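Below are structures written as structure tokens.
The same chain A turns up in both complexes below, where it pairs with chain B and then with chain C.
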Partner chain A sequence: MRAAARFAAWVYAIAVYGFIFLPVVVLVLFSLQATSFPIPPFTGPSLRWYQAVLSDTRLTSALVNSLLVAVLSSLASVTLGFLSAWGFSRFVLPGSAFLRGLITLPLTVSYLIIGMGLLVLFNWAGVPKSLLAAGIGHVVINLPLCFAIIYSQMGDHQINIERAARDLGAAEWKVLLMITVPVMAPAIFAGFFLSMTFSWDEFVISFLLTRFETTLPVEIWNLLRSGLNPKTNAVGSLVFAVSIVLVVFFELTLLRRKPA
Partner chain B sequence: MSAPLVDIRNVSHRFGQLPVLKNVSLAIEPGSYTILLGPSGSGKTTLLSILGGFVTPSEGKVFIRGADCTAVPPAKRPTTTVFQDYALFPHMSVGSNIGFGLRMQGVDGATRAAKAREALALVGLASAFDKKPHQLSGGQRQRVALARALVIEPAVLLLDEPLGALDLKLRRQMQDELKAIQKRVGTAFVHVTHDQEEAMALADHCVVMNDGRIEDEGPPERVYARPATRFSATFMGESTILAGTVTEAKDGIVTASTAVGPISLPGASPAGAKIVLAVRPEHLVLGEAKGDVALGTAKVDDVVFQGSFKRVLATSALDAALQFIAKTPASTTVQAGDTTAVSCNAQDIILLAD
Partner chain C sequence: MSVTGNNARALPWALVTPALAWTLLFFVLPFIAMGFSSLTAHEGGGFTLGNYSQFFTDPSYWRAMVNSLEVTAVVTVISILLAYPFAWILAEMVPERWQRLALMLAVLPFWTSYVVRSYSWLLVLAQNGVINRALTGIGLIGEPLQLANTRFATVTGFVHFFVMLLTLTIFANLKQLSPSYRKAAADLGAGPIRTFLHVVLPLTLPGIMVGAFLTFVLCIGDYITPQILGGNNELVMPQLVMMQIGRRGDFPLASALSIILMALVTIAYLACARWLKIERA
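What follows is the complex of A and B.
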């Protein structure tokens, strides 16, 4: 009986992980296809489609755009998120709980709604569709995330550390830069890398808010309209690889926190 | 006498509707070691926070070196605080922690390092300069916090239950060191604690607080021997408490009726006054009456051997609500269940208004 139960557990585990990872495995596998169609039988391995991606200037410039939008929007998100978390945890505000709820609310709203809202707003305000507009959209979705991560890590212990700095003569901006930011560094980096991950493969908002210059997910979508080929697999695998790196950084910074 | 270093005048403070300090006035002399002693909720920590500038009192004023500091922020007043949790900067080395205050004053790096090393040597941690706070033990962090606060030469050093997080042995050891360091640097220390032994060992000036008020203040010897109130008689050391009413008062001798009969002692309370008599444990005599005031007989509830003495708890045969706390020599043969006579000497009885 026990052997049967163990066997069933293994089968179940393989089925679950297969269900989650098989699409990615297939995507990566056929990005290494040597022939022109990403369908069995597997003819590789070959790096020719990666070469094709890297020599396609539309794709490479979209990749650079994506990185630029991800880095800059994440910097903005983490800065604003940090400042709001600090404000909420250090000062008594009227309606603090309500305002905290409000700031994290965009986490529950779909990207489509946020994108459409921004499209209407930018249209009305005369802001043209651009990478900047998409970047602002990414700040809207990532600021609440950064706020939630950083706010959750701001404990009472840091309050006394900040007090000690003030007591020793530090002006408020010095307390923030020399004490709070370094002490909160793990949460700040975690917020930054998670924002990068979300911005990096975000499609809907970028699709709605960019026109000529666009980000990689939108460019991949353009590519897919002309049908599947191993080149789309190769660029998808690249996107996936970057996401993995970012998530690993996120996990490392958040989980490897030293006890104070 | 010169003006006090710190002058707290009629300070009251409320947290919302809750009054935590009620019209407190206190003077702190230069070079003194002041202990604020009281149970939790007595307002002692709030008073320290007001001194440090972390709390602005609802009413009253605080003068430091003659200047009105009531609303001056912590960064700009000549006080530094050693926090209960030490509040060391975890991302900086011990040397940078200690140099932080000097850095904020714009002192150059070389001078900072030299002064930080000097301060570390003062607290006996010279070798820890390059370590990080998490590599140190609790007692060592305590010393670093002390050095960090002392290095900028404050007028007053504030210590918020500095020994609370240490184990008993280390606490007694740090206690001796704190006193020695204070004598060496000559800075006025104000130290908050709920530990009466700590208070007696350290204080030049002991301030007993309860319920937002100062119950008693003075040299610890005086506060122990002649407490001003019933609270201070039971909080700073233990006492047996006898309630009574004055029946006669003349020629400096007061006679009071109590649960164990009339007791005469030197004093000046008017006839009819409700009073409380307090007797320290070491002044109670058990067995055949040797003291000049008989306190009746009592049934022994518990005997606790404490090494150099025995602590005896006994209930009066005349009044079940009256409990005697006595300290007897270790050689005493008294046991739980025994009935024994209790007495004391009139001059050892502390007369307090109820």
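What follows is the complex of A and C.
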């Protein structure tokens, strides 16, 4: 009886793994097939569609745009998030709980609504659609994440090191740059890589706020009009690969950190 | 000395002001703009409640909200039922040293974009996709089934995503549970099933609620999955919002619909609020 239950549990776990990996495996597998439809039966490996992606200037320039928006918006998110986390954890500010709540509030609102709001505002203020507008939106969604990650990692241990530096005569900016930033480096990098991942994969805000020059998920969306297409498989697999690299960095920076 | 004193008071505000200003300027202000926009007429401007009354009187709009709520409810329930046993197996049966790897693998596809993930499900569910080819191949069905462009496809795409998300939250919850609770229950004579129902399940309920809330918020606000997998056969709220902008450039109506969508999420938040306390570690 017990053995049967254990067996059933393992079968269940394997079935769920199968369900989770089915679409990804199909995506990558049929990106490697030379025929013009990404459907079974699978016929031999070929890199034809990856070449097609890399020689498509619309896709490659969208890829560069995506990287640019991801890096710059993540840098802005992590900088603003770090400074505010430091401010809130080191100093007693009036209305601190309310203000912290305000900074994390965008986490509870869907991207669609954040994008819609910015679209209405920019439209009213006469700000044209652009990558910059999409980048601003990405900071709105990633700033609360960076703040929450860094704020949650600022403990008493770090306060004591900073106090020691101050007692030894370090100016406030020196404490910040030479003590706090290095000590908080794992949380800062984790916030940065997580922001990169979300910005890199983000669709709806970029879709609403860009026009001619756009990001990769929006270009992939445009490709979908042609139905099932091995080129979409290839570029989708590339996007997935980049996301995985970013997540691995995130894991290594935040989760590998063991208290000394 | 007074200069230092001023500095000491100015410094904290200098640190937190940029983030607060960004939030006010690009999150709160857009919201206010959307509120104003929702109260103006698309033709000619001027104050009106027409955008809201249109939603409550036009049955097709009303239908979209019912669709959204139905899909979200079904997705939330199925995802919890699938994810809980899975998270339990990962937390209890997988050896400790393999758990991190097992969990990381279980949520790997979580990290790819909605667009790519939904497209991948299209490959699986299409007329000539993997499932139909496999089923006709072994002779189980004669004609391919209509799987894509249905509510079934939308729900499948969503469940795929939320099983991974809920596995993460429930796993974390199960790991935080001290083993002494279960030992105590066993010492008092409870069998494994009673221990689970009366001890483990109630103690992991907060984690389930957090996961259910996240599922609700992300599911009801998502445009991509229903658009790619569900097609245009039956619309959900986000599709309705995007239609107003795309086809007609009707910002006021799109704003009103967004605010109604927001209101739904707020109601869900208030319903789960007691479980959603985020505290500093």
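Rule of thumb we're sticking to: the second predicted complex is superposed on the first by the 258 of 260 C-alpha atoms of A that agree within 3 Å, B and C clash if a C-alpha of one lies under 4 Å from a C-alpha of the other, contacts with A are read in each partner's own complex, and residues count from 1 in each chain.
The definition used in the following text is that a residue touches a chain if its C-beta (ideal position, glycine included) is under 8 Å from a C-beta of that chain, and two chains touch if they have at least 3 such contacts.
The shown structure was predicted, so the numbers you read here are calculated from the model rather than taken from an experiment.
S.K.: Could you look at A:Ile20 and tell me whether it touches chain B, chain C, both or neither (first, second, both, neither)?
M.R.: Once the two structures are laid over each other on A, A:Ile20 reaches chain C alone.
S.K.: Based on the superposed arrangement, let me know which partner A:Phe7 touches: chain B (first), chain C (second), both, or neither?
M.R.: After superposition on chain A, A:Phe7 lies in contact with neither partner.
S.K.: Mind working out whether A:Leu112 is in touch with chain B, chain C, both or neither, as first, second, both or neither?
M.R.: A:Leu112 contacts chain C only, not chain B.
S.K.: Is A:Ala164 contacted by the first partner chain B, the second partner chain C, both or neither?
M.R.: In the superposed model, A:Ala164 contacts chain B only, not chain C.
S.K.: In the overlay, answer first, second, both or neither for which of chain B and chain C A:Pro217 touches.
M.R.: Second partner only, chain C.
S.K.: With the two complexes superposed on chain A, say which partner A:Leu228 touches: chain B (first), chain C (second), both, or neither.
M.R.: In the superposed model, A:Leu228 contacts chain C only, not chain B.
S.K.: Spot which of chain B and chain C makes contact with more residues of chain A, would you?
M.R.: C
S.K.: Go through the superposed model and pick first if A:Phe98 touches only chain B, second if only chain C, both, or neither.
M.R.: Neither: A:Phe98 stays clear of chain B and chain C.
S.K.: Which stretch or stretches of chain C touch chain A in the complex?
M.R.: Residue positions touching the partner: 7, 11-16, 18-20, 22-24, 26-31, 33-34, 37, 82, 85-86, 89-90, 93, 100, 104-106, 108-109, 111-117, 119-124, 126, 128-130, 133-134, 160, 163-164, 217-218, 220-224, 228, 238, 241-242, 245, 251, 254-255, 258, 261-262, 265, 269, 278, 280-281.
S.K.: State the interface residues of chain A toward chain C in the complex, per the touch definition above.
M.R.: Against chain C, chain A makes touches at 6, 9-10, 12-13, 16-17, 19-24, 26-27, 30, 37-41, 80-81, 83-84, 86-88, 90-91, 93, 99, 102-106, 108-114, 116-121, 123-124, 136-137, 139-140, 143, 147-148, 151-153, 155, 172, 197, 200-204, 208, 217, 220-221, 224, 228, 232-233, 236, 239-240, 243-244, 246-247, 251, 255.
S.K.: Would you tell me which residues of chain A are touching chain B in their complex?
M.R.: Within the complex, chain A touches chain B at residues 157, 160-161, 163-171, 174, 179, 182-183, 185, 258-260.
S.K.: For chain B, which residues are in contact with chain A within the complex?
M.R.: Those in contact with chain A are residues 52-54, 73-76, 79-81, 83, 85, 87-91, 100-101, 104-105, 134, 148-149, 152.
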